[in-house]
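Two complexes are shown next, each including chain A; its partner changes from chain B in the first to chain C in the second.
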Partner chain A sequence: MTNIEQTTAPSVALSPGRMTLHRALRHVSFWVGGTIVLAIILAAILAPAITSHDPAIQDLAQRYIPPVWTEKGSWDHVLGTDNLGRDYFARLLYGARISLLIGFMTVLISGAIGTALGVCAGYFGGWADMIINFVITIRLTLPVVLVALVVVALVGSSLTLLVMVIGLLLWDRFAIVVRSATQQLAHREYITSAAAIGSSTWRILFKEILPNITGPLIVVASIELAHAVLLEASLSFLGLGVQPPQVSWGLMVAEAKSQLLFRPWMIAVPGAALVLLIFAINLVGDAIRDVTTPEGKA
Partner chain B sequence: MMDDVLVMQGVTRDYPVGGAFAKKRTLRALRGIDLTVSRGRTLGLVGESGCGKSTLAKVLLGVEEATSGTVLVDGHPIESYGRIERAKLIQPVFQDPYSSLNPRMTVASIIGAPLQVRGEGTGDSRRKRVEEVAGEVGLPRHLIGAYPSQLSGGQRQRVAIARALIGEPKILICDEPTSALDVSVQSQILNLLHRLKQELNLTMILISHNLAVVHHLADEVAVMYLGRIVEHGPSQAIFDRAHHPYSSALLKAVLPPRPGSRLPELGLEAEFPSPLNPPSGCPFHPRCSNDDGTTCHEIDPEPSGTSHTYRCHHPDNFTQTAAQDQAPAD
Partner chain C sequence: MLIYLLKRLLMTILVIAVTSVIAFLLVHLSGDPAAAMAGEGASPADIASVRETFGFDRPIVFQYLEWVGRILSGELGRSYYLRMDVSDILADHLPVTATLGVMALSFALLLSIPLGVAAALRPNTVIDRVALWLAVAGQALPSFLFALGLMYLFGVYLRVLPISGGTTWAHFIMPSVALGYYATPAIMRLTRSGMMDVLQSDHVRTARAYGLSSWRVVIRHGLRHAIVPVVSLAAVQLGFMLGGSIIIESIFSLKGIGYLAWESIQRADIEVIQAILLVIATAYAVLTLLADLLNAALDPRIRIS
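Now for the complex of A and B:
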């Protein structure tokens, strides 16, 4: 009776997660984006090994040295120096630390908030859904930069505060995406089965629903990571983000804005770094979306 | 007296329909279900889509609560059982094996989940039991570590059955267990259910719109129409001589396995009525060929008969032998 079903089965079972990873590794933008992001992360971590300059040490005798590709440039300061004679390359590397730190921490906070709200709204429905939807709507009516400005202006700026403020403001997309992904799953029969075998609600949420929404979750996380890095840059540009002597790419642009017409490279360098990072993150996000959606499955 | 494992008395289930701005209405998915199932028996539940079969299954599983009426499982109301006690008594097998298995879990963890949820046994003893049950349902051993996406429909359904049986429940609720499968696999699954039912003395509720499946497995049959049981009796009696015109129409609706033969004439006239707005009197009258135009429009028939009951003013096939059961209430 059973021999009809003796079909060929792979000797080593790959979990759906592993298969997604295998597909991702064959995706060009995953490689390109991933390599760039990884390179930036490594450069940020290994900053002291890459450059001997301290990003905060000023040398007024060495102000405004142009980068190496110009006539007056030198290999001593590859990307030149700023208005206080600080090495621009070192500032770029150490600035990446702050930008990435804020990006990842913020996504952790906003992802946790948004996922929790979205799963609850999608799974419980009814009143929970109505209330959470209301909260999402309220959040969407708040202009992010304005709220961040007010909070920072009232409380004063620090790295922790910046992470908290951005994290507490950027969870809306997580909540919306996770909510609809959960709604689609909530009526699957394996959720009903899980309830019928006596699973607790916690078990259903964590073992049945969460593992099945990781695809959209990672995509949103990549978008929000880019969003958070940009928002930090904007706030720093406005003088409400990272405070000296800490460095961030947004702060570098802000400090160089008076030189926009005279030494455009001072803005172009951190600007290009930002563009490259955001571009690479989005490439990775795109690749993940491609390999996790059903249409992308080979 | 027979051992009644499952007793339903006047079970109803209402769903509120309409949002904040639309008019609030009530959809009565179940309208007073009375049914009793004895230990070791199989009850076939048949009816069109939308008649409430699956709602009844959800109420019996405790996933949905009855709006009114009582469901007694093993002599106690279903609400009196905790989550886990209820799961030990009643287990489901669902229609679509492609959506009833979590794609992110291996076959072994899916089958073993009920034991894990109860915290029964150690990892080793659970694994042994999983292999044992997988063998019982005819699942090849090498598939234990596979993921559902690597399994065929029949294999998936075997996994679902294994998961339902690992905790040795008394009652198995099969909601269209074969309708998503190929014809060739359907019979394998039916034979498997048949064998397990006898080996484990399972009480089964078999929900299906496929009368052949019901005929094959069920000891008794209940025909549902618009949220109520319109006919209930021993399987053979209903297949031989259905009294309710709706049951006769369902029996006639089976396509003969002969190419070129004409589609069967059903005698069902109108569309399936909306459960939001059920017809007056006998809810079946707009579609009934026996509609008399007066009584049927005004009076809702009560169940007649003893072992073979039906709700109809003018039953079909009503011969002298059936009349001895009890006179029809018209």
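Now for the complex of A and C:
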């Protein structure tokens, strides 16, 4: 790959951050995945502008209208209507809102918990490491789906609770990855010199270590974002996640489950949306891993 | 080895003990168990009487200690809903989940080990790519969708497999595939990287130099070494499956532990929920312990450090 870019670029020394960005922009899966994720985010935000239908309004005279590609379909309801006459396309768009909202909110919570634990375990070592390792082991021993179902069922499902429960359950990978990344940094010279010139522990953790583990952190965040979307869908599918009149893709699959024999597209449509979103998030995550690890820099 | 074994054993007991506290607190603090058991629309007097009958009015520490005491003497409690001993209920449901778990794991191993070996023997070829894409697709496909897809294809369209219940072996095929598929990417990756390492080692080169057939080299001198970490990963994956079987069991109406958990959650049968949480967590802890011990027995570096 000898192109103009490569011959001119080295004359100006780019910061490592800019170089990573440059590599990312040349990565095909970053583009493909990023475009899909962005498109889904935009569709979720602009849902009221894209469709004039309300996802919750029922019209029992308009039940089970087939989608537009079948003979009886019409452009008025592009993806048809469901068992209560609600527009399926509108439900798909508004459902993206809940999936994305829960996904991003939970990653904020689980990322904060996992990063805090991982940095402490990796930097302080010794007793702190032992205790945090034990906490991680406990967390791994608890079955995620079951614990989430129990709490949601006993407390009563709400969006806040779902975010809290999923966020409190999915921090383990953050902690494990951040811990080992911090361990690798803890004895580097720039860290020990920061300690030697009297930087406070907080300063070392936040200004020296944290900025240098953003690569693995973003990769884990993408994995956990996909994981959270999946878990929300699974809980909603089992009837204990998002509750009507709110919409989520998992809930749409659950409501269409009885139509497997007669109208399989009702499962396929929200299902495909779910797969596409998770697949795109994973693509972006893989691309970021490629460009942030040393092997990818060649 | 003995010291390592004792340390890990102690650790496992500690993990199970802490997990039991969490399981108990989850069920008791996630709302009022008495209100949940009395059901919707129960009067305050009804709730109070349930609370008294089941002893929820006593201090929580006391309730926990009593629960643990009963478990240690072999009593798991009594389901208020089914009016049966929890241990009897679990004994009814365990064989189904155990069958499902073993079949799912077998499926996962039968799919992932050959693929992993093939990918290691021919890196960066079509086989390697297919293996990789199988893993990527698996990560993006929710298990309930995969299960419904299988159901549609084999149950509705081709009509070759039963879609609900667990009376014959055929009933277990689709649930096992749907559950086991999710263990394949990890096992396959580990097999692939392990095989690639082993195939480059001196003893494999020597075996090749002796003129042994390439199959013999791959299986006896390659896979035999690469399989060790795979076996312990498989044990951990089996633990994950026990926790994840709730979705698959509820879709296929397989009356196993997961199905029981789902039913019990819906009728707030807290004694059963507690027991299931504890059983699954214990199973996971014991399986990881076995995996670690196996690794330590075969790799001396682990037990010395």
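Criterion: the second predicted complex is superposed on the first by the 284 of 298 C-alpha atoms of A that agree within 3 Å, B and C clash if a C-alpha of one lies under 4 Å from a C-alpha of the other, contacts with A are read in each partner's own complex, and residues count from 1 in each chain.
As a convention for this text, a residue touches a chain if its C-beta (ideal position, glycine included) is under 8 Å from a C-beta of that chain, and two chains touch if they have at least 3 such contacts.
Keep in mind that this is a model prediction, so the values were computed, not measured.
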Partner chain(s) touched by A:Asn212 [first = chain B, second = chain C, both, neither]: first
Touched partner set for A:Leu274, first chain B, second chain C, both or neither: second
Partner chain(s) touched by A:Ile197 [first = chain B, second = chain C, both, neither]: first
First (chain B), second (chain C), both or neither touched by A:Thr160: neither
Which superposed partner A:Leu260 touches (first chain B, second chain C, both, neither): second
Touch list for chain A against partner chain B, complex: 1-2, 4-7, 9-11, 13-17, 188-190, 192-200, 203, 207-208, 211-212
Of all residues in chain A, those that touch chain C in their complex: 134, 137-138, 140-147, 149-151, 153-156, 226, 230, 233-234, 237-238, 240, 250, 253, 257, 260-261, 264, 267, 271, 274-275, 278-279, 282
Of all residues in chain C, those that touch chain A in their complex: 11, 14-16, 18-19, 22-23, 26-27, 30-31, 33, 36, 136-137, 139-145, 148-149, 151-152, 156, 242-244, 246-247, 250, 261-262, 265-266, 268, 273, 276-277, 280-281, 284-285, 288
List of chain B residues in touch with chain A within their complex: 58, 61-63, 83-84, 86-88, 90-92, 94-96, 99-106, 113-114, 117-118, 138-140, 142-143, 145-147, 149-150, 152, 154-155, 158, 160, 163, 167, 184-185, 188, 191-192
